[in-house]
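Letters are used for the chains, namely A, B, C and D, taken in the order the chains are written, and counting of residues starts over at 1 for each.
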Amino acid sequence: MLVFENDYSEGAHQKVLERLLETNMEQLPGYGADHYCESAGEKIREACGCPEAEVCFLTGGTQTNQIVIGAVLKPYEGVIAAETGHVSTHEAGAIECSGHKVLELPQEEGKISADNLSDFLNSFYEDENHEHMVFPGMVYISHPTEYGTLYTKGELAELSAVCAQYGIPLYMDGARLGYGLAAEGTDVTLKDVAEYCDIFYIGGTKAGALCGEALVFTKENIPPHFMTMVKQRGALLAKGRLLGVQFDALFTDDLYYKISRNAIVTAGRLKQILKDKGYKFYIDSPTNQIFVILDNGKLEQLKKEVVFSFWEKKDEDHTVVRFATSWATRMEDVEKLAALL
Amino acid sequence: MLVFENDYSEGAHQKVLERLLETNMEQLPGYGADHYCESAGEKIREACGCPEAEVCFLTGGTQTNQIVIGAVLKPYEGVIAAETGHVSTHEAGAIECSGHKVLELPQEEGKISADNLSDFLNSFYEDENHEHMVFPGMVYISHPTEYGTLYTKGELAELSAVCAQYGIPLYMDGARLGYGLAAEGTDVTLKDVAEYCDIFYIGGTKAGALCGEALVFTKENIPPHFMTMVKQRGALLAKGRLLGVQFDALFTDDLYYKISRNAIVTAGRLKQILKDKGYKFYIDSPTNQIFVILDNGKLEQLKKEVVFSFWEKKDEDHTVVRFATSWATRMEDVEKLAALL
Amino acid sequence: MLVFENDYSEGAHQKVLERLLETNMEQLPGYGADHYCESAGEKIREACGCPEAEVCFLTGGTQTNQIVIGAVLKPYEGVIAAETGHVSTHEAGAIECSGHKVLELPQEEGKISADNLSDFLNSFYEDENHEHMVFPGMVYISHPTEYGTLYTKGELAELSAVCAQYGIPLYMDGARLGYGLAAEGTDVTLKDVAEYCDIFYIGGTKAGALCGEALVFTKENIPPHFMTMVKQRGALLAKGRLLGVQFDALFTDDLYYKISRNAIVTAGRLKQILKDKGYKFYIDSPTNQIFVILDNGKLEQLKKEVVFSFWEKKDEDHTVVRFATSWATRMEDVEKLAALL
Amino acid sequence: MLVFENDYSEGAHQKVLERLLETNMEQLPGYGADHYCESAGEKIREACGCPEAEVCFLTGGTQTNQIVIGAVLKPYEGVIAAETGHVSTHEAGAIECSGHKVLELPQEEGKISADNLSDFLNSFYEDENHEHMVFPGMVYISHPTEYGTLYTKGELAELSAVCAQYGIPLYMDGARLGYGLAAEGTDVTLKDVAEYCDIFYIGGTKAGALCGEALVFTKENIPPHFMTMVKQRGALLAKGRLLGVQFDALFTDDLYYKISRNAIVTAGRLKQILKDKGYKFYIDSPTNQIFVILDNGKLEQLKKEVVFSFWEKKDEDHTVVRFATSWATRMEDVEKLAALL
């Protein structure tokens, strides 16, 4: 079978694994106090151009979202997100489970606009009953979005400005940040992300690590006793090294960027093939997720030889599906897929 | 000032207060174990035509919604509600605070349709990723809705059937149930409510009581140790008699229906006046809430002599406002308002 | 039957009820914005000698404890309390339900000591692993305690000093505060309570009200958006007047003190009778709860004519029981009980 | 430096790491649906002698405790544990954070007794006020305990019988289960654990894995939609293979037992040395944790060359410290330590 199901089908990138091997028998302190976590943090600070940033490592994306949102929000606050945001839809209620509402905004191609955000915030405070409502306490965006789309630098600046105006932090879910940074035509760098976002994370699970996300607080804004809250949420690894070593490897010699680039190149080739063969796209994604409309006959035929994701029913005869590439995708597999399309 | 601001501006109906006075020095057991709670429960069972119903008394509507939803749902479940439902908008996140998501459906005049509900449930279970999503575990409706509108008996039957098909309870927020039952032209009786809803409450706070809602489980479906969960949520009154005595009075000699009827009659008169004077309605409500579109000049002028509620901005020059009548509204005040309109 | 079961067997004091009657048809704004709440707050501020205090009204004791503790603590904090404290034992886990641990201290006659508190706090911060533990974020005491005992002014000053040293608030559960203030020999006044406690509540439910507790923040320390958190916990009464009017009556002409005094006088008489007849006390309570050791034969005999509370098994042949007096206890009933003892 | 600080100082056992390497580029489904998770589960079922057991993999111990307890308990229930249990003390309030109280029992050498448990449960149900209290819904034990001690088979059978009598599950925290099973003189096998416990987990983090705990439901008692609750708690790894592969390796050719044995052998040698040199033990632990009383002079001297854990102050001149061995401890390091003692 050809596998284009998602971007977490393989283990870790070879260099990441090698570092785990090399460092395996070193005796290190637990809970993230080891020097690999420190070193990885330092490299990330440098890559972000943000020397005062605080960097923590967590295991997965939903966990990171849940802990950040729960630790930053006051009890009477909720988090604003696109109605298609991961926190809105595919985290099994992790945010609500920790007591907070997701305040959903309309989206376009997975993104929210500064105008909609501004209107929402303005309307909230103008509503005479707003003390009976959930206060907006944070803005969540994903970049790339759940549809593989990207904010521009200008859009990030605008969202950031609205957040600043209302005194609430802008938080970016970067589960696939590597693929966003490596995309063709994007004008957003990691330094921009660090400038415009108060908090964000750099996804490892989907970009070369066995597991792990690097959480960055950019404005000296890490909540007091954050580590205790991580522990309380069951997310503090005894062997914090597992995360530190991996991110240390990913941020050595630009590995994170280089391997992310592979996903973009293979996705680019696949998109060209699809376009050439006349397939229609559901959305135009510049990153590693490709959303295509298949007629159901073709879909059934492909399923025999390729693993990909059902996305949604388009109409009686057509279905939206997703092909995902990753750091590990081999161009030869793309060509094999091309032959089947 | 003339007050048409809401339906909780006065204290309790005279007869309710009298019963509190008469019974005041009786020495009674605490926590709802007194004979007035028992008697009120029995009268409600009879009024519902539901001899096996279990009846509890709580203090307010948001409290009741929070406790019912929290006690009935499993941790992985959320509650389906109209996007305009009270639990979706004006409970300051009470449902999320207890760990559950409100799964919002589109609404028409404050109501959800059986078709939309059925589609939502069907789509959920067809979604291959639904184990990563919040399971629908209950359906919440309000009757009257937040817009004063009413479900028909047929609509309740349909919603109930969809719920039964998916094995989830139908819960009705009856904060203003009295006004719904007393409305002109409704074909829904309290017995119908008890038949179609698995759980509902009969609002006292807005219909003649100082405070209090009578919660009814109609299908031998009260969650085990419900009283302990009420206590745990800070909602168990030491002097449970306060609620029992009031509902005992309200369900003696049809008092609840009779006093609710006053709200309907006075609202009817007010609607006729508004119509005659050429005012436009934002929505056609058959109960005690009247939503009118005022031009802003008129609005400012009226505000000097009448208290009413801002609802929403219609356009630059017009505003939607709400006039509410209640069990306590005097027809002479309606006529005074007429003179000002 | 003679009823000495608890201090919430009757309704409200006559004067409280009268005020509810007199004000019943006034049209007032909801949610505590009425002038009775304002007036009651003003009277309480004056009685406390604390002009900057902020006063809110809630419905019951467990509710108040849950909301105060939940609103004040950070997610990583717990509340220190005596192992016999109401929050530790008889609130069905209300504190844990809102996410916080009760950190139990040993007690003597229901009280915690400043020494034990200081040791606990000192040990916590000296423990190298304390970042993996629940941080102490508040101290809860009850006055009178669950055993009817009282702190002295000196003890309150000491506890307050330890709290100040560690920067955490001292919170007093005053469910029976009236009986504490009215006790013989106490040197603690309401002004002292307001001076030494950062937060406390004045219990109405057990001292003359139908329901209601007056919550006082004494140090300009009410948490931001407290009202929204009250709403979120289902505790915001639409008819806030119900609480405002009652406390306005209780704090007019020293009514709260005068009626509390009745409980002390009748309890004093009952204690004298018990002592004279040779009964042994389980604990020496200066307030309205009397804990007596009965032999089981006597207990069974008394139960036929008197309602009182089982407290605990003493040994095979003896049981600790509680007699409670209240604002409503009639001396003639005490004398009737005397005849039976 | 010699490191005897804990049992998670190194990475993973060589064979575990090799399996991760060998399987790294296999394309596998996510979220634990891969065949390594299946295979590991099968091997664990077999090792437990429990063919109907359900096995899940989680990342860490606190996470596992939090999720199991939160998923199994009803909202009105708490978990019974020794006052020294990990859930009682060193999980930063993870259990309370998910809404449940830890009901603490006295302990002896870290263990609870069936008698104390039975008394507690009996007293609870005999207490007339128990509906106002937290219901006991589960019993938590750790084996080895936090003091390295072990239950006997007879003790487990007794605890299990008490639990069965009251209809509540017995849950074992097996963070160090390997070291318990490999201890000298224990009569408890993994099959016994599976027989007497309703739920338990087999710790990987402290016994040869990079991270990971294998959670076992032995009585067809996995809560419905457990996976969704794992997701909701942020604990569902996208690359579930990371856990499956490791446990598959640990349960191949008895690796888990063999490597656990190393900790016992090295700890045994260390204990002998300590005994020979006249050191006093704080507690007599048969597993890999050794609690020794050091005079403070010796302690300061040792700290220059050895890393070990502060446990608690014994008196002004003495301190309890812990030396821990593990699967990775080298006998030569023990001998080096001997020379320093």
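We take it that a contact is a pair of C-beta atoms (placed from the backbone, for glycine too) under 8 Å apart; a residue touches a chain by one contact, two chains touch by 3 or more.
A quick note: this is a predicted structure, and the numbers were derived from the prediction, not measured.
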{"item": "Shared interface partners, meaning chains that touch chain A and chain B", "value": "C, D"}
{"item": "Chain whose Cα centroid lies at the greatest distance from that of chain D", "value": "B"}
{"item": "Contact-richer chain pair (by C-beta pairs counted) among B-C and C-D", "value": "B-C"}
{"item": "Intercentroid distance (Cα basis), chain D paired with chain B, Å", "value": "50"}
{"item": "Inter-chain centre distance, chain B versus chain C - centres from mean C-alpha coordinates, in Å", "value": "33"}
{"item": "For chain C paired with chain D, centre-to-centre distance based on mean C-alpha positions, whole Å", "value": "41"}
{"item": "Where chain A touches two or more other chains at once, by residue number", "value": "75-76, 91-93, 97, 99, 131-133, 228-229, 231-232, 236"}
{"item": "Residue numbers on chain C that touch chain A, as the complex places them", "value": "70-71, 74-76, 99, 131-133, 135, 224-225, 227-229, 231-232"}
{"item": "Chain C residues touching chain B - in the complex, by the definition given at the top", "value": "1, 3, 5-6, 8-12, 14, 17, 20-21, 23-30, 59-67, 91-94, 97, 205-206, 210-211, 228-229, 231-239, 241-242, 307, 328"}
{"item": "Contact footprint of chain C on chain D as seen in their complex", "value": "75-76, 78, 89-93, 95-102, 104, 128-129, 131-134, 310"}
